[in-house]
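In what comes next, chain A is part of two complexes: it sits with chain B in the first one and with chain C in the second one.
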Partner chain A sequence: MNKRLYLELENCIGCRSCLAACTQCGGHDERNRNYVYDVNPLVNTQTMPLMCLHCVNPACARSCPAQAIQIHETGAVLSALVEKCIGCQNCTIACPYGIPKFDTEQNLMYKCDLCIDRSKDGIPPMCASVCPTNTLQWLTDEEIERKQKQFNVKNDKWVTSIHLENETNVRVNLPGILQGITKLY
Partner chain B sequence: MQANTSTTKKAGSINNAFASHFAKSMFLSVLGLLILSFIGTRMFTHVDLNLYGYMVGTIVFIGGFFYRFIAWGERPPAKIFIKKGIKLLFRKSTPQTTAEHLITYRFIWNRGIYRWTQHILIGFGCILSCFVTFPLVFGWMYFTMDDNGMYNIIFMGIQVMTVSAEGIIAQLSYNALNITAVMVITGVCMVLYRRLKNMQARAEQTFMYDFLPLIMLLLVSVTGLALTFMNMFLHGAGQPFMSLIHQWSVIITLIYLPFGKLAHIPFRPLSVFARNYREHYMEQAPKPCKVCGDYFVSVEQSNDVINVLGTNDIEFAKKEGFHLAELCLPCRRKYRIAQFSGFPTHQVKVKEANQNANG
Partner chain C sequence: MQMDNFKNPRDHFFKEVENLNHPNEELVKTHCSYCAMQCGMYLRVNTKTNKIIGVEPRYDWPVTLGKMCPKGVTAYQQVNHQDRILRPLIRDDQSLKGTKEGFREASWEEAYDLIVKKFKGLQENYGKDSLSVYGGVSMTNEKCYLTGKFARVGLQTRYIDYNGRYCMSSAAGGLNRSLGVDRGSTIPWTDIHETDCLFIAGSNTAECHPTSMFRIWAVQERGGYLIIADPRETPIARRADVHLDLRPGTDLALANGILHLLIKNGHVDEEFVKNHTNGFEEMKQVVEEFTPELTSEITGVAKEKIIRAAELYGKAPNAIVLFARGIEQQIKGVDNVSAYVNMSLVTGNIGRPKAGVATITGQGNGQGGREHGQKADALPGYRKIANPEHVKYVSSVWGIEPEEMPKEGVSAYEMFGLMEQKTIRGLYLLCSNPAVSSPNLNYVHQQLKNLDFMVCVDFYLSESAEFADVVLPTTTWAEDEGTTTNVEGRTIKINQAQKPLGESKPDWQIQVELSERLGRGKYFSHLKTARDINDEFRLASKGGYADYYGATWEKIDKQDGVFWPCKDEKDPGTPHMFLDKKFYHPDGKAKLFALPYRPSAEEPDQEYPLRLTTGRVVYHYLSGNQTRRIKFLRDMCPDPFVEVHPETAAKYNISHEESVRLFSRRGEAIYKVKITEAIRKDTVFVPYSWGHEQSINLLTIGALDPISRMPEFKACAAQIEKIDMKKVK
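This part shows the complex of A and B:
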């Protein structure tokens, strides 16, 4: 059963469990590869997570001169191969979401790999396993579709799909609180 | 998986350039080898025909290498780094960068001492072996023996040294390959141990890409050592057979080299190019972020990335009048949050904080 990472942005309470969990994934070298931002930092407490969306046509890999960023058969865009990355940082400039991180000491880029050691076997990535508010979920396409139907009230106020720069393997959703509307469930 | 990241769009034109580039490089290298061997062997009078198989293997390797290198160099991002890297080769910092990237592997040290040790052992084991074997195979170096128990070392047809057959230099040169074999075997064992234990390695590794080269290196070293063993303790029994296996394993390794994991050896010098490129253009003209104004990369690299993405039909120009590659990383991320929420997060002058968890 193919599952995807699914983000329901407005649920986020800013606990940063996902950052902590990310550091604990087998190959992550105890460094997290995801982000949590305050939407309007001086005014309210709404936060949103941001992570690699695993683009179908990933700008990071296209811009890499060393072919260090491989695409796994599950669609996950992997972190740089340590022996290939030449440290040019093209990928960090190319990514439309600013995701790849660069370690100057190690001359190596590292990024979210969707915890490939887990997700390739259908186990949710660390972030989705720990998120206490269901902001990050690991769902099948049918489940995602059902959610979108549930949120789609056809009154132009619900945003059920957000404009992204490109087609991504991660699905992002923002069902409504920020539009001043109470959630249905 | 390799093909995933290469452009297929302009396959026609790439292939045209490719055929001629390939033929040219191939011709020049083989010619170069021939000339060197001609000089080295004093007009082919000192060819060691036992080593004939290696010669063929090397030529096949060169063919494979150019095939791979040229196909790779045609990819737009690689092309930029090769072209600009060559132009910037003579920077003041080049010797130091080269030493750190290609000799002391400082960046691998920073990734972990275990990894550095295994890499040094395998890397230098292989490099030193090549320094010994290639001159022998192509006849650039050979030995002659006088009656008085002295060896003459002949390099490129010139007698460079006369050493006693029992002396330390002679001992070192007989045993050079044994020493390097032990280095490689130790290194490969360390790597294999890590690959069997480390969870991430276990998740990502494949047999063809990660294990085959290790097994081949192990086979080369073990059969090489076995040759010495048979010489010293078995009076050469089984040597012809073992030498065939050894020869076969070296040739397979050479042929595999440009296409698998070991391909990073010939490609690694590019990291020096990349460093020079970043330093040079950053000094020339740094790029201010279009939102916060912080310098975050060079103008050159920002433009190059935009162009490279363009050749892949990826276009991130925004209605605000900037391209996403013109925003620094924190601003680009906040700009995304702004797209999600509808509130212009990137305009709020608050520094990014609280993004690193302690593992």
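This part shows the complex of A and C:
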């Protein structure tokens, strides 16, 4: 069953367990590949993760002159191939979310590959496995659909769960998951 | 309940997920080394080198389902860390005490000989009680049990206490006197997301127990309510339906104010109160004066918020009250606990699924470690030294005469007082770092220096080890096996993933070998494995409140843990407490306590106008002796800081990231300012997981709760001073 990374941004507590776990997947050279931002650091404790969204037509791969960024059959946009990457950093500039990181010593781009060793067999990526708050989840399309209904998207105030820059394999629930909730009493 | 089919409940979060198995690796099933969430994890072990090389989520653990905080993810990095102590260390030059200097490596035999000579010498000259043991509860039940026996039978001293005195003792005191028993949680954690209202007081849950958070958020996703009482807008308070942003140290007034409104609004479950509690009228009289106006005046919380919180809690079909160190680390910690338990008792929100009360235990084995005889006044199974019947039973298990059982000792912080008076002259310290975690550190450091002889058992050279004459290398949690009891009261199994590094030995083995050399071998020599100790400790707990007799390692494995009490082979354990509405007082009723408000030991004044409160950050655990050495965690939070509200900062003319001097009547330290609106204007906050000149406990106060002897870490008075850079060289 196809599963996707699914994000509920406002659950984030900023523990950065996803970053710690990213170093632990076995295929990541112990370097983390995502980001957690303090949204308003001098004001409150709001944080948010910035994960690769695994675009269907990814700007990083499109901008690569060396075809170093492959797209796995699951849709995961992989890290640059060591033997092909020429270190031009086009991808790091092209990505509208600033996801690809660059290792100057190795002259190599590296990015989230959805822990492809795991996710190709349906095992959740490390970040979604450990996330203590369910900000990051690994769900089937049916589960995501249920989530969208549950959170009452497209209320008359705003629309959650839209695609962002273009079609992505990751689904994001924009803030507002509690807006449509009917209180129990 | 039929034992054969019993399995502790799995809930809708549970998913069957296969683990990733790398070639030449074995996955060893265990739990995290840190807090009482005791998150399930697998350690990845290279089968060729027998070395732990990583972590894999344990999706099938019903409490945490593979989830881990950043400490848990990186916990394995402690094991083969370059800072591990691999051989015993001896320091001959006593003048170097309090520094890292002067240690030389020695053999175990030389270290043992020196300890035996010094311990025997002190006891011959100054009596048996001149020695003391200071333990900790980041150890297995087996080790905690044996540490109690080691002190009382091996060393024959009355002076043993442990770091839970700084952590869980107020919760224990409050739960015992209100409910007659101290099982930290009356419900399994798998109930939390199903309740309708969560009232959480004094817990920065998102940072201190992160893997509870998915269940807590789920309460809101179901349409339930989240009420948070905390001086700071912590990540959990940020999303609360009501955030009661009280002044540190005023929790008792807040709880009384809520009780006042529960009574006034008719939210009292009168049947329940009549049939299952005592003391309602007296309690009612005390809370009578705690109108929203008075409560607001004392706590600084807006009246409307207090009214709203009481209404939401009172109307809830099912409600759970959770609390933690925020309400417990005060001179009225026990009263605070009883006051919050009062709330659940008057509304009948206890003794059924989805409703109850729990303290969110801090240390990994904070629950089990306080039940089996490490506490100054306690014997295994939550028995009391003051009770002759209890002494008789435990003596019979230990093979000593009841008259040989040492009397009650004193609490952790009070032991430093006895060191000052030279009543205590020798110390055997294990699994704790009181040179960072104690309040009023300038005083504590002086007393540690003042000791005639000190042994520290640890796997890293902690700040406390710097005061020792002998340091013995022990193992990390992953190099030994045994049981711990998690936040729920569920006994679980820790497994060995790697052989002890270097010459390190598990604590229990060190205590057995030392006892043999002290001529007490006949009480210890039969304990050759952790399993042997488990067999003896379950027997020692048999018949006590915390009865583990039936919680065998096999049963733990088979049913995903065993909740105590578990009295025999057939008993599957007790996930929910008080389902029969029988509390553990002799008449079967719970006690409602009438608790007049009293201020903190040190209220702010003109000279020290700010309230100082302390706590943790998500990246560090307790004194930081472990987590400050882990690169990822250190990178994320390398240094402590002082949180200041922007208006307060403006008053002092200090800015974000500026270094300031923070001081109290007892000490001072320099911190970088972290400006945030998520704190009260009258309060500053500093995390406590750092040592030496970075320790906030240089400033905190050694005032103790009269019942639990818990120091008031959470509220003292302090002042900030801008550093004049012209004067700094």
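Annotations for the structure displayed:
One rule holds for everything that comes next: the second predicted complex is superposed on the first by the 167 of 185 C-alpha atoms of A that agree within 3 Å, B and C clash if a C-alpha of one lies under 4 Å from a C-alpha of the other, contacts with A are read in each partner's own complex, and residues count from 1 in each chain.
Simple rule for what comes next: contacts are C-beta pairs under 8 Å (C-beta built on N, C-alpha and C of every residue); 3 or more make two chains touch, one makes a residue touch a chain.
Nothing here was measured: the structure is a model prediction, and the numbers come from that model.
After overlaying the two complexes on the shared chain, residue contacts for A:140 are found with neither chain B nor chain C.
By the touch criterion stated above, A:129 is placed in contact with chain C alone, chain B being left untouched. Once the two complexes are overlaid on the shared chain, A:117 sits against chain B and chain C alike. In the superposed model, A:13 lies in contact with chain C only, and not with chain B.
By the touch criterion defined above, A:24 reaches both chain B and chain C. Which of chain B and chain C touches more residues of chain A: that partner is B. Once chain A of one complex is fitted onto chain A of the other, the partner contacts of A:172 are limited to chain B, with no touch recorded for chain C.
In the superposed pair of complexes, A:42 makes contact with chain B and with chain C alike. Judged by the document's definition of touching, chain A residues 16, 19-20, 23-24, 26, 41-42, 46, 117, 178 lie at the interface with chain B and also at the interface with chain C. Chain A contributes residues 10-11, 13-17, 19-21, 23-24, 26, 41-47, 117-118, 121-124, 126, 129-134, 150, 177-178, 181-185 to its touches with chain C in the complex. Contact residues of chain A toward chain B in the complex are 9, 16, 19-20, 22-32, 35-42, 46, 48, 50, 57, 59, 61-67, 69-71, 78, 82-84, 86-90, 92-99, 103, 105-108, 116-117, 120, 162-166, 172, 174, 178.
Touching chain A in their complex are the following residues of chain C: 17-20, 22, 54-55, 57, 59, 66-70, 72-74, 196, 206-207, 210-214, 217-218, 220-225, 233-236, 238-239, 315-317, 618-619, 632, 636, 646, 656, 675-678.
Looking at the complex, you find that chain B touches chain A at residues 1-2, 4-6, 72, 75, 77-78, 80-81, 101, 107-108, 110-111, 198-204, 261, 264, 267-268, 270-271, 273-275, 277-278, 297, 301-302, 304-305, 308-309, 312, 314, 316, 324-325, 327, 329-334, 336-337, 339-343, 345, 348, 350, 352, 354-359.
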